[in-house]
Amino acid sequence: MGLMTAEQYEESLRKLNLVVYQYGKRLENVVDDPVIRPSMRAVAKTYELAHHPEHADIMTATSHISGNRINRFTHIHQSVDDLVKKSRIGRLLGRETGCCFQRCVGMDALNALSIVTYAIDEKNDTSYYNRFLKYLEYVQANDLTCDGAMTDAKGDRSLPPSRQPDPDAYLHVVRETTDGIVVRGAKAHQTGAVNSHEIIVLPTLSMRAEDSAYAVSFALPSDAEGIVYIIGRQSCDTRKLEEGTLDRGNVFFGGHEALVVFEDVFVPWERVFLFGEHEFTGLLVESFAAYHRQSYACKVGVGDVLIGAAQTVAEYNGIEKAAHIRDKIVEMNHLNETLYCGCIACASQGHREAGGTYLVDILLANVHKHNITRFPYEIARIAQDIAGGLMVTLPSEQDLRSPETAKWLQKYLKTRADVPTENRLRILRLIENLTLGTAAVGYLTESLHGAGSPQAQRVMIFREGNLANKIKLAKSLAGIRQKAK
Amino acid sequence: MGLMTAEQYEESLRKLNLVVYQYGKRLENVVDDPVIRPSMRAVAKTYELAHHPEHADIMTATSHISGNRINRFTHIHQSVDDLVKKSRIGRLLGRETGCCFQRCVGMDALNALSIVTYAIDEKNDTSYYNRFLKYLEYVQANDLTCDGAMTDAKGDRSLPPSRQPDPDAYLHVVRETTDGIVVRGAKAHQTGAVNSHEIIVLPTLSMRAEDSAYAVSFALPSDAEGIVYIIGRQSCDTRKLEEGTLDRGNVFFGGHEALVVFEDVFVPWERVFLFGEHEFTGLLVESFAAYHRQSYACKVGVGDVLIGAAQTVAEYNGIEKAAHIRDKIVEMNHLNETLYCGCIACASQGHREAGGTYLVDILLANVHKHNITRFPYEIARIAQDIAGGLMVTLPSEQDLRSPETAKWLQKYLKTRADVPTENRLRILRLIENLTLGTAAVGYLTESLHGAGSPQAQRVMIFREGNLANKIKLAKSLAGIRQKAK
Amino acid sequence: MGLMTAEQYEESLRKLNLVVYQYGKRLENVVDDPVIRPSMRAVAKTYELAHHPEHADIMTATSHISGNRINRFTHIHQSVDDLVKKSRIGRLLGRETGCCFQRCVGMDALNALSIVTYAIDEKNDTSYYNRFLKYLEYVQANDLTCDGAMTDAKGDRSLPPSRQPDPDAYLHVVRETTDGIVVRGAKAHQTGAVNSHEIIVLPTLSMRAEDSAYAVSFALPSDAEGIVYIIGRQSCDTRKLEEGTLDRGNVFFGGHEALVVFEDVFVPWERVFLFGEHEFTGLLVESFAAYHRQSYACKVGVGDVLIGAAQTVAEYNGIEKAAHIRDKIVEMNHLNETLYCGCIACASQGHREAGGTYLVDILLANVHKHNITRFPYEIARIAQDIAGGLMVTLPSEQDLRSPETAKWLQKYLKTRADVPTENRLRILRLIENLTLGTAAVGYLTESLHGAGSPQAQRVMIFREGNLANKIKLAKSLAGIRQKAK
Amino acid sequence: MGLMTAEQYEESLRKLNLVVYQYGKRLENVVDDPVIRPSMRAVAKTYELAHHPEHADIMTATSHISGNRINRFTHIHQSVDDLVKKSRIGRLLGRETGCCFQRCVGMDALNALSIVTYAIDEKNDTSYYNRFLKYLEYVQANDLTCDGAMTDAKGDRSLPPSRQPDPDAYLHVVRETTDGIVVRGAKAHQTGAVNSHEIIVLPTLSMRAEDSAYAVSFALPSDAEGIVYIIGRQSCDTRKLEEGTLDRGNVFFGGHEALVVFEDVFVPWERVFLFGEHEFTGLLVESFAAYHRQSYACKVGVGDVLIGAAQTVAEYNGIEKAAHIRDKIVEMNHLNETLYCGCIACASQGHREAGGTYLVDILLANVHKHNITRFPYEIARIAQDIAGGLMVTLPSEQDLRSPETAKWLQKYLKTRADVPTENRLRILRLIENLTLGTAAVGYLTESLHGAGSPQAQRVMIFREGNLANKIKLAKSLAGIRQKAK
């Protein structure tokens, strides 16, 4: 069918029969639910922009299997240039939506599976890779949004999967049939889960032999029988239920996360991509993590929005030329572009894996993500500094509309004569949204923990740091004789 | 009447006839309003602890006018020891409430007026100081909570008060009668306004001769005719309107801010403490600012709560012994105690002003507050790091209570066998509350802007830095001959 | 002649007739001077490695004018790949030498002139570009090292060149003859000046019409008549004059800087590349600055050495497995690789200028350099943390060799049984060298000020930050109606 | 004899018969040695200022044993006020000398012994405390400078004292006689060792029963038979051997460190203060560490000098009014005063120990020192930023004096017309001295490692953080029911 439009995407979601719970109730209509709809709109943007000629170069790609023009979010990277464009797509969509647009995780899962199914076949003479390519063809042909589901419930963090009191703490195969497998467990923190057509499941950590039942990867339609979604709540989530749009901050877009429960769900063999090959789970986790850490390029785009908002409020207040304000804007830009350097560099230094899939530089992708766990917090702090305290003491939109109080708010919240008071309030609510509200979930906390918490990156940076080589350099310059190796 | 109890305090509020608007409507019953009540409870804590023997030493003081035992929040500092206890009272109450307890600002206004009314009289042979002492006696005798109202609406930031298009952008005297004065304007960001018996108005900046109509300070009962309160909304404010308490995070306490409008309000002469003496507004602003910057001692107490919450969640997850977790807890403590050093040091280096009132060291008070604009953000970031992503993806309390979804949440959000799942969720909600929710308003944004935004402190640090003396030291050691002075 | 060897390079320097002063005396023999020789050795490394097959790809390039294989330091970038390799060459040589290898600045000057001479010709129909290409051919054919000399003496910083009390505060044309021009002035901070065959002079700032006499760029042999070099002293410089090598830290390599005075020096027309076209000085300064800010890739290589030294000393002390040590090593690596991301990203996002020369992304190059002004200081601090205090309390090599004291030092400075005490001392001296000694000049202070001080980058980051676009994004998401443009 | 003058102090040192090695040779005349003399001058300042009436209040104290006016450096703290004055004495002398003045460590050793000898007697019915008081009386009466010697050689860091391959890796008792004990070992990093009359030895860590031979504390005259000093070298140490003073930066003062070897040294019983009571070594180490961490108050004074130098060079360059320069000066001051807050706060929150000696708050003293391991590095970085690159490329004083080169340096290093070029160079050399040269050893590396490396403070901050109490607060506010205790 080629590239879907945003409208087609929305319609395609209406056909899904998802089981979704929120605020203690099952949702009748997911697509029009006011809390979820803004997140659907953000995904829709990934469809819409693919039709914009000025973005076509980065939003679309040529499928290496069909040769068709496809949405880049379903593409397997064929070159360093593809990797760089992936970083640019992230920034672009972050700018356009001011939030998480959710679709990168499926792309990352597909690319990791492309590497790993190829590697298993190489070693074991299996046929996972062909199976994967068929699935990929389906995804590309139908321009689907895939959720990439990795994080298990984990139970007691001090025990491995097979020794948990509750065996379901990690998702696992409960039985095997002639047609496929049956799985049970849950995946937490699934961003954009209910906006997805497909859910691709990956193991959450490198498994050992005794944990083989937990070494499983597969794909399912998001409305497969036995899958249940429980929506997480975000800071300020219920403002979307209120009348008016001002207090939302971001008037159009948002995000959502869900706990996804698998209640003995059946997976046919043609959608199983790893089954018991525990020795390849490390590669799968590491490849996916590297790709997904690169994906935090999107936060640079969100940072662009926040910088724009801070500069706007400075202009509204008439202080944009004060040296300290200018300096703070510079600092925000500096930090944000430093983040951009990370996602570009890990792409630029990417390489071709055995099967032809291009992978980012693992060390630099981890370094990039690690800065993402730090700088957005400082950018947010500076934005609040420039915004001023009114950002958190502003009365509600209802007060602004009420005939009793409107006069006072219009009068006393006025700054420059040429700035409508409401505009000032809107931009303050946007900064609140990004630094404390629904978008702060994505811009801050998700920046910390998404694609792995800070310590996960530090472990990788230690492992990839090539200390032996650095020791050699230092000893040589210090005149310390070294043994030949 | 002596020290009020918490219950008496609550009753005393019920007698007030305040005009308060919230969410576009006038409130019938302020004290029992679910959004405001937690902030009332926080103030009530300042009454309650004054009756606890173990806290009596820091919670109460001996009045220098009546000799009676009074609540320290109505006391004029008579020694360095008083100043140090003021820092300790802030930490204590921050710990007990996990939020802003609102009563410090009135104490700071009283102490600043004690210095300035004395100074005006010294120079002008007026009798403000006696008038102030009489007012103080009333406040102490009745153990009142006073709001200290400083920040004006300010309009166009590039223009002084007297040249604003709207003359009311700064609160000012609109006419003088034989009995007193009539004032108009608004004060923004008034923390705890509707929990106060009294409102003490101070000018927001140092006024020049042409702005004399804006050089005015006075006190009024909070329900004086013509005063209107419009409540600001906080991040996650409406969670207090939901059933259940879990999603609030802090189950008992909170804060509120209001825009306070003065619609031609009459002030009798005996409550006017500065009237046109523009040359003393600088001293008043600076003294109040120094005292109030010290008051951010409270954030150290809130930091204690956040550290406790982070350590608890680490224990619940079973990772509290991991070296990187321990190191993060140390860093949180280190930053928090560095803040404590600031509020203790500015008190310890305080001095006696002419009339006998003790004032903190101005440079160090500014340095202290300046760190408050930085460290809580980093402490909050680390707390979120330790908490994990579940903090922002956790379903609602309703989902936890719903028979349909409770089983899954109980099962999949379980960690250590001995930790009730609900406890884990409660502590995560507390961290959310402090870093993104209603308490983040106080712990983060108010830490930035309350008692003056960061740049205000930098201006003072520059002014108080005694560079001339430092230049002399450097030149001397460098062997540069200096002219005798 | 093709690629010179390190030996040929050294011989070529002996043929120069430089006028060099150091410690108040003229040097007879520059090449063998013990203070300067280590810096010559560092430049020699750029010749040596060009002959190593494993480095040939990044050390050499194909001349776009002759088609010959040339040293990359004389190459004009013809692609993004060339730009990326330039960043890699910087890191490589920083690793090999542990200091500044001095030759990048000439490459940057050549590339900037390639852009600017082309641009002038395009507009003015002059023939600077051909003149430049001829000069370039000569440089490439003879594999020369060029100094790029930009920073003027500057006199009173508050006055422009033409209004200085001393007209020579900025280098300028004092007269014009039929054969060329005569110039006077001085260039400060010239790294590697006396190891260069050529000196390429560029204006230090964007000149206005009234400063046209200061708008001049040209190249000269380094021993042209009238050029005088006065060597600057570095921290610990005289350790190179001592017996033994241990206390030097870096046993082989070092750097030097010189003040270069031009006493009415004649420049023939064929070596003049800009003469009075003040309107192009901005472009020249900005292009050179962007290239040269990229060049701080080298500090990543020096960082590699310092990380290696820190890890070595940790192992010597037997504490390398302590969690806090490991974490510090991770942090050093993280910061260092963040720097690497910057120099890779600005190259990867480079573009083709009109004449075919590739230029780095200006914003990202400035962002990169700006991080260079920060992170090496923190890396150095951590290195000192790991090294321990002995780094600065270690007795001299003479004490280690003296029969009277050797026994005590060998005994009491011993750590692990299998680590020779001297090795421990050597690695400590290397860390001292890099963080306090001669190499700290390059790794720290030069990282701050070389290629422009921090504020210079901030000005560029502000200018290149595209705030208008960011404001548009923010307003759109906040629902603020924007005027069509 | 009362308070010595600086001159008397110098004379008293001449009478010592110290065995000192430096640069491989034994020193004939320690007092006049050009490398050591500046450090002697710094100690002399502690004598000189005690005679200045304006400093008498903090420089002197009333002995609690003799009732005489004594130098505060020999005083046992009798009140919180004494503790606060100790912090102020540190800043004062840091300002006056711009370096380490060495005398605090003896004061800290005396105070720690005052607590511990009392505690041992309390428990064991011994008479150490009286013995100590007698010794103290002697020190006070003669106004002696004491070195406090703690850090052992330590050998293999993974083994305790008694299991080291070399038993002397930690100083220990080799035999006991009727008159006293004989000790062997070495103490490293002894600041100011050869300027001291006395050396007080303390164990370097908390000893266990098997390490009892290492549990020993005593005092000796610095020239006791068998004590050998080997001077450590500092960055740029030999500039003090050069003609002229300009290149030293700090023209008058400096520091030195020594390795102190004890070759079977006899200690009479009356000078032994702990002998085998291993269970008190923890208290001794911890008390001394707390006092000595407070002592880093001195760095605030050195920071004052560096701020003054940075402001001076900004004025010399004519850029002191640039907003970014002013902001950097503010930041230096802010960080420096934050450090001041630490040393004041730990003193202000001090308490009385059993015997009457006042001890600082241990947690806050550790927090203070921990900031000292960070902020001076950032202050130094900013100072270098303001100074500009000339600080490290400046030719030598000899070049400035040489008739051949003086004209060029005078001409081209000139800035503002009214600033003598030499003054500019002097102030740049002072900044070099403090950030890279001899004083950087004290201001930076010693700030890291003196009185315990950063990790030592982190261990204490963890231990003193009272997490149990903080957990209780958090649980209470989160509504988690807690078990009664």
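Here the chain labels run A, B, C and D in written order, and each chain numbers its own residues starting at 1.
The definition used in the following text is that contacts are C-beta pairs under 8 Å (C-beta built on N, C-alpha and C of every residue); 3 or more make two chains touch, one makes a residue touch a chain.
None of these values were measured; they are calculated from a predicted model.
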Remotest chain, chain D as reference, centres from CA atoms: A
Rigid-body rotation angle, chain C and chain B, from Cα fit (steps of 5°): 180
Centre-to-centre distance between chain D and chain A (centres being mean Cα positions), rounded to whole Å: 51
Chain centre separation in whole Å, for chain B relative to chain A (CA means): 38
Chain D residues counted as touching two or more neighbouring chains: 324, 327, 458
Complex contact set, residues of chain A against chain C: 84, 95-98, 245-246, 249-253, 304-309, 311-312, 315, 326-327, 329-330, 333-334, 337-338, 340-342, 344-349, 363-364, 367-368, 370-371, 423, 426-427, 429-430, 458, 461-462, 465, 467, 469-475, 477-480
Residues of chain B defined as touching chain A within the complex: 21-26, 151, 153-158, 165-166, 168-169, 186, 188-189, 228, 230-236, 238-239, 247, 257-259, 261, 317-319, 322, 324, 373-374, 377-378, 381, 384-385, 388-396, 398-399, 401-402, 404-405, 408-409, 411-417, 432, 436-437, 440-441, 444-446, 448-450, 453-455, 458
Chain D - residues contacting chain A, complex: 323-324, 327
